[in-house]
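In the two complexes that follow, subunit A is the common piece, with subunit B as its partner first and subunit C second.
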Partner chain A sequence: MSAAQQAAALAPARAKQRAISPSRGGRPWTFYLLATLFTFYVVALYGPMICIYILSFQDVRGGLVFPMKGLSLHWFVDLFTQVRTGDVKGAFDRSIKLAILVTIITVVVSFMAAMAFRRRFPGDNVVFSLMIGSLVAPGLVLGIGVGLLFNALGIDTSWYGSALGAQLSWTLPFGVLVMFAVMSRFNPAWEEAARDLGATPWQIIRLVIIPVLAPGLVAVALFGFTLSYDEFARTLQTAGPQNTLPLEIWSMTLNVTSPSLYALGTVTTIISFIIIGTALGAIVLMQKRRGARVGGH
Partner chain B sequence: MTVSRPLVGWLYISPLMLVLIPFFVLPILVVLVASVFETDGFGGLIPTFTLANYRNVLTSALTFNLYYETVKFTVLTWFFTLILGFFIAYFLVFHVRNPLLAIGLFLICTVPFWTSNIIRMISWIPLLGKEGLINSALLRIGLIHEPLTFLLYSSFAVVVAYVHQLTIFMIVPIFNSMARIDKRVVEAAVDAGASRFDIMRLIVVPLSKSGIALGSIFVASIVMGDFFVTKVMSGGSSASVVGAFYEDISVLQYPSAAASAVVLTVILLAMVSLILRTVDIRKEITQ
Partner chain C sequence: MAVSRGDIELAGLSKSYDGVHSVVHGINLKIPDGAYCCFLGPSGCGKTTILRMIAGHEDPTDGEIVIGGENVVGLAPVQRGTAMMFQSYALFPHLSVRDNIAFALRVRGLSKADRYRQTDAMIEKVRLTELADRLPAQLSGGQQQRVALARAAITEPRVLLLDEPLSALDEQLRVQMRLELQRMQRELGITFVHVTHSQLEAIALADMVVVMEAGQIKQAGPAREVYASPRDRYVAEFLGGQNVLSGKVETIEGGRLMFAQPDRKTLAAPLRGNARIGVGDRIDVAVRRDDIELLRPDAEISPQDRSALSSRVLAIEYQGSFVKVMLDAIADEEFVAYVPERVFFRDPLVIGDVVLATWAIDHARLLERT
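So, the complex of A and B:
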């Protein structure tokens, strides 16, 4: 075979390699273009957030823009001690309690709903449509509806009552959709094996399904917590007299023009990151343990 | 088993319904009912049946302007999030060779989703402001001689904030459907002599359709149902549909707010069901 023939024979193979993300060899030009786009996106995603974290550590002369004026924790102290910034401590407290409640209910109810959707049942399409409707309905419209409903029934709105329900109408459809994705990877053969070995339905759930789906349930918990912790539109008309944290931030964006707003941003983001880190860490740990167990046998 | 199958299904689904009925179905019905009531002017409702609220909403020029503004922001945000989301997902699925690296990069994109939207929005202020980073950088290198004022408290800032918040809603579903494309289909196309552009046009785009549809539903319904970003980032110069009925509520005009809410919800549902006609989401998600 001549060199020319060889080159001709190799050309299609090379073209193919280029087309389907090659594992070896040169990168196509689009790789560099899209890598640039991706880098740009990540910088734009994190850059502004990092700016306000840095700006929140200014001293008393600090303003809303760069350059940095001094370095201190002044605005964090200001945030929790000044009357002008509202009851931030109380709002934190309520938001975290509410998020924990929402998380627990979301995990349990989403899990049960996803179990139901594994088989067809009469009315399943109606339930599915209601869920999608609840997900896409404008939050403020739903909030007004819940507020008016409670009003008509003579029940006071409160963060642990009406706001809890309004938030669940948003976190549950999300949780169920995530559960669908998790369940689609569940192999029914494990369940059948357990049944063949004489397990009761409750034992199958407790000893087979829940342990296998555990990482997915942690993911649902992560969604439940963070969606509730940052929820604004549905809570606005339903929280009653006591604010949650996002409502506090909202009133601050309208009234407060000092870096204490940024300090609040830094504090709430730290809490979010702790939650995300814990959840992702738990998932990785579970997967690793599982891998080790399989490897050991 | 002693219990019948449908009963088991209903038992499992009942907790979900116990939330959806009082906190989604009933509130929507209450809004519907309130929209035909009259107000006593002090926040109370007078039970009656009137279509005056709808007449006011549908015939006012203000409504037309509000929808024009809101639809403008929705279309712009949808366009930019789609372009960004599609190419980022394409990059992660088809260009990153190491699957672990791809998942890592994917997580980097998703982490901000789990933090506060409001904080992410206000974080643009120190960048885009009159004395912000972008203006001072441009002034220093001499590209401009006066600070650009269109950067903050403008339509531009609104779109930037929306794209910043919502691109993730495009990336995740499109990534999901692209990751499911069988690489052998792409190989077969290459063997049959398809160019990379053909592969994109004839394989990748059609097979990502469900992800694109799902992402579009999220982005469009969030932008149309939002008032916060428009209010803060436009500095009050742009209004939005939801913002207008929020104003109505603060002056206790519940019936007109309710009528406006019903109109918006109907438009939103029509849009979503139109998108849903192109794909069967339930099949896409559950399989």
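So, the complex of A and C:
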């Protein structure tokens, strides 16, 4: 076919394309509709939070509602110095420790569960259903149950005992589900190749499986941490005498009527962002490092 | 005969996954040291299972695998002195080319300097020096294959096992990598066992072709023997290049038998020395497609030397050096003639033409019936 013939053959196809997709001049009306929808979504999502952040920066005259009175860090100072706001620092400390504990257990157990579930074994469906079941149970009820059980067994409830257990019933199924998704992209031939080259089972895990799955493991860790850090329902009846941060915030909403409540909200959000940022940064760094050796590829 | 280190002997090798159906039925085979052996068969015929059993990734249900005079069943791959190249290569995605190839040395506990020294020599051998720091995802299919080859070869195996090594490549590259495999095998001087479903690949590469069907060996031998003298209908059809005619023996005399197909004229075929065949037996006869000559219906032939079937041209495919002419000579089955290109175009046929497909009676081969 000559070039002219080819061009002639292509012309109707091009005309058709133009009819379907818009020319560069204007966007279709659906664009504006969807853009408006998205704007509403973003405002609805972040608006309430932003109100809280803004109100936390008022000065000493500040109240719980708009309009904004002054601009200072007064309520942040108040948060960490005033006794009447409760043990915020202690609660924060406990929440972080608990979240780290939950993260470690979630990552290790999810990893091992996903490894086990690569092969079928008798009763695998039952085990899986049992594991996922606790996601369906209402958190508050589950928390009460855990509290009752500890009570019946004569064990004191505590944030590092019963609350840890109750939170794991929440983070583990999530972690396992995420690990399943991560694992589905793991080619079993990599493991076999490593074995073929003389690696011991432990070397296979250390040199092949963990490095390949590392970004997924970080994602599971992030899940575990954030789920634990702001867990409320399951922790309420299981934390024992010492509050975690979400419980502390909740009790503050009941008896603190100053913007220091909002200041606490701002502080915890910043910490959450730092943690998420660090985790995502770690994933990006891992992928960059893999790419870096290539040199501008 | 002395046993060399790369000799492989499979004795009564069987494999069953569920204890009821077996995928491999009591295979017996000897592969000489330094041979390039191809297992050829359709998917599900057990060829990959055999390879994986030799590699030590699958345990046989029964039988022995002897490499270099030593039964290796139950040993780890490294102890066997085998290395495997996986289908689609299974390169470690998080490691550079160099670290992939160095993996076997790393797990042996060699220091970084030591293993990189050895690795770089191997990288040079497979001509990947410029790509040593790349990740597998940044390589082309052919380059990945070279990495896989190098990674397997660095363990200095006595046997290299290749599972469909060319199936992930496109046609052009496949031909190129075929040469590369051959070159590597010559350079390394070790036994290669290669599994494939492509007869082209098998006969191009192998010193020894093992044709398999449903867990059994149908024929094993040099490529030319398997291609030109298939033992039975299955091998003939799988390797292609043959027309298989079947019929009932009518008479036997003077080293020839006459056989008839339903609704067809009687044809002659030479009787092979050891074949025990009587009148009334059903037989298969193979005739090479390139042994068939197509004549116009009015041509004269000497019936003493040549068989002839009158038929109609169903389809014509130009293949470059020859022309593939499909005929309706036998009912329900393919009958094809490969006509040399120059011969064909001296008097080109068109679809629907009636021709006489003829061949020298001595070129017909009696097949075994199983």
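Just so we're on the same page, the second predicted complex is superposed on the first by the 261 of 297 C-alpha atoms of A that agree within 3 Å, B and C clash if a C-alpha of one lies under 4 Å from a C-alpha of the other, contacts with A are read in each partner's own complex, and residues count from 1 in each chain.
Methods note: contacts are C-beta pairs under 8 Å (C-beta built on N, C-alpha and C of every residue); 3 or more make two chains touch, one makes a residue touch a chain.
Just so it is clear, the model here is predicted, and its values are computed rather than measured.
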Next on the checklist: Based on the shared subunit A superposition, would you classify subunit B and subunit C as clashing or fitting together?
Outcome noted: fit
Next on the checklist: Contacts for A:Gly90 in the overlay, against subunit B (first) and subunit C (second): which applies, first, second, both or neither?
Outcome noted: neither
Checklist entry - Which holds for A:Phe121: it touches subunit B only (first), subunit C only (second), both, or neither? => result first
Item to check | Degrees between the directions from subunit A toward subunit B and toward subunit C, using C-alpha centres, nearest 10 | outcome: 100
Checklist entry - Taking the superposition as given, does A:Gly240 touch the first partner, subunit B, the second, subunit C, both, or neither? => result neither
Next on the checklist: With both complexes superposed on chain A, which partner does A:Gly161 reach: first (subunit B), second (subunit C), both or neither?
Outcome noted: neither
Checklist entry - subunit B and subunit C, closest CA-CA distance after overlay, in Å? => result 9
Item to check | Where subunit A meets both subunit C and subunit B, residue numbers | outcome: none
Item to check | For the subunit A and subunit C complex, residues of the former touching the latter | outcome: 187, 189-190, 192-200, 203, 207-208, 211-212, 214, 290-291, 293-295, 297
Next on the checklist: Help me check something: in the complex, which residues belonging to subunit B touch subunit A?
Outcome noted: 1, 5-6, 8-13, 15-17, 19-20, 22-31, 34, 84, 87-88, 90-97, 105, 107-109, 111-120, 122-127, 129, 131-133, 136, 164, 167, 176, 183, 186-187, 189-191, 194, 196, 199, 217-218, 221, 224-228, 232, 242, 245-246, 249, 254, 257-258, 261, 264-265, 268-269, 272, 281-282, 285-287
Checklist entry - Which of the residues in subunit A end up touching subunit B in this complex? => result 12, 15-16, 18-23, 27-28, 30-31, 34-35, 37-38, 41-42, 44-49, 51-52, 55, 64-66, 105, 108-110, 112-113, 115-117, 119-125, 127-128, 130-142, 144-146, 148-149, 152, 165-166, 168-169, 172, 176-177, 180-181, 183-184, 201, 222, 226, 229-230, 232-233, 237, 246, 249-250, 253, 261, 264-265, 268-269, 272-273, 275-276, 280
Checklist entry - Touching subunit A in the complex: which residues of subunit C? => result 55-57, 76-78, 82-84, 86-88, 90-94, 96, 103-104, 106-108, 133-135, 138, 151-152, 155
